[in-house]
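To start, the structure itself, in structure tokens.
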Amino acid sequence: MPWSALMAEHVILSPEDIRRSLSRIAHEIVESNPTLDDLVLVGMRTRGVPLAARLAQRIADFEGRAVPVGALDIGLYRDDISYLDLKPQLKPTEIPTDIAGKRVVLVDDVLFTGRSIRAALDALIDFGRPQQIQLAVLVDRGHRELPIRADYVGKNIPTARQEDVQVFLDETDGRDAVVVLSTEP
Amino acid sequence: MVQRATRGKPAEEVRPPEGVDIPTWERRHVLDLDDFSRREMEQVIETADAMKEVLSREIRRVPTLRGTIVATLFYETSTRTRSSFELAAKALGADVVSVAAGASSVQKGESLVDSARTLQAIGADILVMRHRHSGAPYLVAGHVDISVINAGDGWHAHPTQALLDAYTIQQHLGDLRGKKVVIVGDILHSRVARSNIWGLTTMGVQVVLCGPPTLLPWGLRPDHRGNENRALPPVEVDTNLDRAIEGADVVMALRLQLERQQAGLLPSLREYMRLYQVDEERLARAKPSVLVMHPGPINEGIELSPAVAHGARSVIEEQVTNGVAVRMALLYLLAKGR
Amino acid sequence: MANKETMAIRGGRILDPGRGVDLVGDVLIREGRIAAVGPGVAAEAGRIIDAAGLIVCPGLIDIHCHLRDPGFEHKETIETGTRAAARGGFTTICCMPNTEPPIDSRAGVEYILRTAAAQGAVRVLPIGCITRGRQGKELAEMGELAEASAVGFSDDGSPVADAALMRHALEYASAFGLPVIEHCEEPSLSHEGVMHEGWVANRLGLRGIPAAAEEAAVARNIALAEFAGTHLHVAHVSTAGSVKLVRAAKKRGVQVTAEVTPHHLALTDEAVMLAAPVPSGVEGADGSIGLMYDTNAKVNPPLRPAADVQACIEGLADGTIDAIATDHAPHAIEDKLCEFDLAAFGISGLETALGLCLTLTEDVGAHGHAPPHPGHAPLQMIIERLTAGPVRALGLARFVPGLGSLAEGAPGDVLVFDPEAEWVVEPERFASKGKNTPLAGRTLRGRVVATIYGGKVVYQA
């Protein structure tokens, strides 16, 4: 984003840190779920999608099992549509399997106010009635405005509200890093 | 930063949601495609893709435009376009108010502007209107504060039809640049043709118009070409369909009003069909992957032979489905902060 | 109107093109008539109007306008129409009979004359109908109309569609020495059209009126006038083809005269679609409408493309066209504030005529772009076509000797104007009830300073 270029960047997670976090989350998912047969990973656009794909890859590596991966665009479910003059570009949602009765693991890069997750829950329920929805995030930066919590967290990063946490991934940004952006140098 | 806009309150600056691509959409009305940029058309098409996915679900509804009121004001009867807009609005969770104004009584402008302002006063956020007189939506747009979508005005424009046509073609043939689209029939009286001429040429399409000379607009007839044809997009014109359809990627047939024959513009329907009906023999001259399109409603057996209308190359029914998705996209893009 | 006061207009540039007069000096008016013209004649005057740096010419004459009275008083009355004329520099106007009831009888003509005398600001000369009720079926009682002092016959608004009836009208009118003034239009070709049939109409999706609709009728009527050997006056010429037909007919010696409107000399069909400055009284809610369907540019005959405008200017310059006539057509707001197809035809033109015509004399046209014809039309020619030309075209000197000139004994009808003054067209300030003009917000150069009718000032800026 153009404006973020003016802010100071402070790297919180290196590519190695990210790799380890994702491995740990993948293990935790496998441990917490009695069977992989009814599991579906759904990544939230945009960066939740490659994260979900990486998690599925790791699960396949450990367990030799392919878990279906979907992509969810929450643009149509945001609660702030009426406050934005310019609306986000919508992309299609692609969920390759019926989620009714399944355990869905929502995957996102940063958990902040919780509003995106609320929108995602609404969207998923429109697709069908899952047995359970779990949440995996790479970073939890606090400042929840809704009663939402993550089941799997890569790293907890306490932040000031006006700071920004930005996740960069190789698939979308050409590099792996999690940075905190602030106005202080 | 983006402006948070709430009616009656000063704008605050809010940060854009993270990781989200915010393209610019500054258009308040959709009246015609004549000034749409390529980027804008692509934006509508991309948004329509997301909407089409919603329409493929079991529950074809999202809460996006909850609380928004879409009013339809149709001075010409039209089941398909009006229902299309109504379904589009409802799929986005908006409320719909439909007004079917009588088309037979003499409608003077004051009552048109009045009707629109009344709907605005009731609380409509977006007004979708169709009218038999060209320019009517421009008159309304100049007298209301809400958004106006033109669902067809006289002979002049039908932008949502042209958008769904472009979307349909792209779905099948990919990038529209360099594709050859032949539009056949009564071009003179067709708002679908005019809007498609604008939309398709913007997307880089080679447009060929084909029809009898009496049904081609002045200045576009083959003998008039290069004469007074300024400020209109470049198109080719041919009165011979067998020649025009050679190598076409898309054939778009227009509805023929059966009254044209009575007005002295055609000798007979029989001759029209002989010279301009798209049948299998003619279609064989186009590319094998050719798409057959029609804005509907079809005069069965006249513009298209039944075999072509219902054959494998026909995407006419998809046009209808895509119409709902495209209209959802426009409602989404136009919906304003409250 | 006899007026014992003497008045002088002093020190202006006096243009009386009908008599070849162009000098700096004074005009003396006594008892409502021109007493003297020349340097120094102002000495004995009671009232003096200083015209230094201004142009002084005969009061302008408009041989084609619509006063809407009786029957459509919400659009205009004889009182408001004549005030508009005065404001525009006109001291004599000929009004068309398409009123309700139409002027097809002595009573109608007398009503116009009586009302003008009582309430009018300037001289009104009525035109009577060609056909009874303007229905195009039977001749009107032209003899009675002539006796009542009608100055010509016209069904304007409508053509006489039946060629045989037109022939009879031309023949019959000749007994009274009065011209038939024909609105030339072949109705089956113009049928339901709303603007010129060209690329603009195509762009806007509007049904067009082809140039041939006018030209076919002009050709027909010239042939009939030639055959009958009587006087045909072609109203509001608008196309190159029509100009050619009139030119050739005059060359052959046919008794044909012609007029053109100021808007057909300065505006093209693009005026319908160009976004004009917001017209008075109408608030544009959002600038992003794009195209505009300007009903104020809807007129019959329609505005034509540049090539036709140029041909009309050339026809005016070479004398093919004898007169400029406004075809002033006032309408109420609701007649224009509607869908283009449904809007009434007509432009309210009396108060912008002079300014618009003067754009032909300069490099810059009414739009602020170069006009179709590269400017520099002589001022004397323009004034001639607004004074002596109209008088000659309809033979009005028979009714009012000296009309349209500043000859001694001519009516004391004088116009004083400033050829350099720039002003912005503000329709809401028109004296006319009709605010319908496509020129709203535009800057014109050439402004009326004073209009004197019968030695009395009827308008002063």
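Letters A, B and C name the chains as they come in the text, with residue numbers starting at 1 for each one.
Note that contacts are C-beta pairs under 8 Å (C-beta built on N, C-alpha and C of every residue); 3 or more make two chains touch, one makes a residue touch a chain.
Everything numeric in this text was worked out from a predicted model, so none of it was measured.
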Open item on the list: Per-chain Cα mean versus the mean over all protein Cα atoms: which chain has them closest together?
Closed with: B
Open item on the list: Among the chains here, which has the CA centroid at the largest distance from chain A's centroid?
Closed with: C
- [ ] Between chain A and chain B, tell me the centre distance in angstrom, where each centre is the average of that chain's C-alpha atoms.
- [x] 39
- [ ] For chain A and chain C, let me know how many angstrom lie between their CA-based centres, rounded off.
- [x] 76
Task: Mean-CA-position distance for chain C and chain B (Å) - done: 44
- [ ] Within their complex, state which residues of chain B touch chain A.
- [x] 1-6, 14-25, 43, 46-47, 49-54, 57-59, 61-65, 67, 92, 332-333, 335-338
Open item on the list: Can you tell me which positions in chain B touch chain C when the two form their complex?
Closed with: 26-29, 31-32, 34-35, 106-110, 112-113, 131, 133-136, 138-139, 141-145, 153-157, 191, 194, 217-220, 228-232
TODO: Using the touch definition up top, name the residues of chain A that touch chain B in the complex.
DONE: 1, 3, 45-47, 73, 75-78, 80-94, 109-110, 112, 116, 122-123, 126-128, 164, 166-167
- [ ] Over in the complex, which chain C residues touch chain B? Could you list them?
- [x] 197-199, 201-208, 210, 282-286, 288-293, 305, 334, 337-343
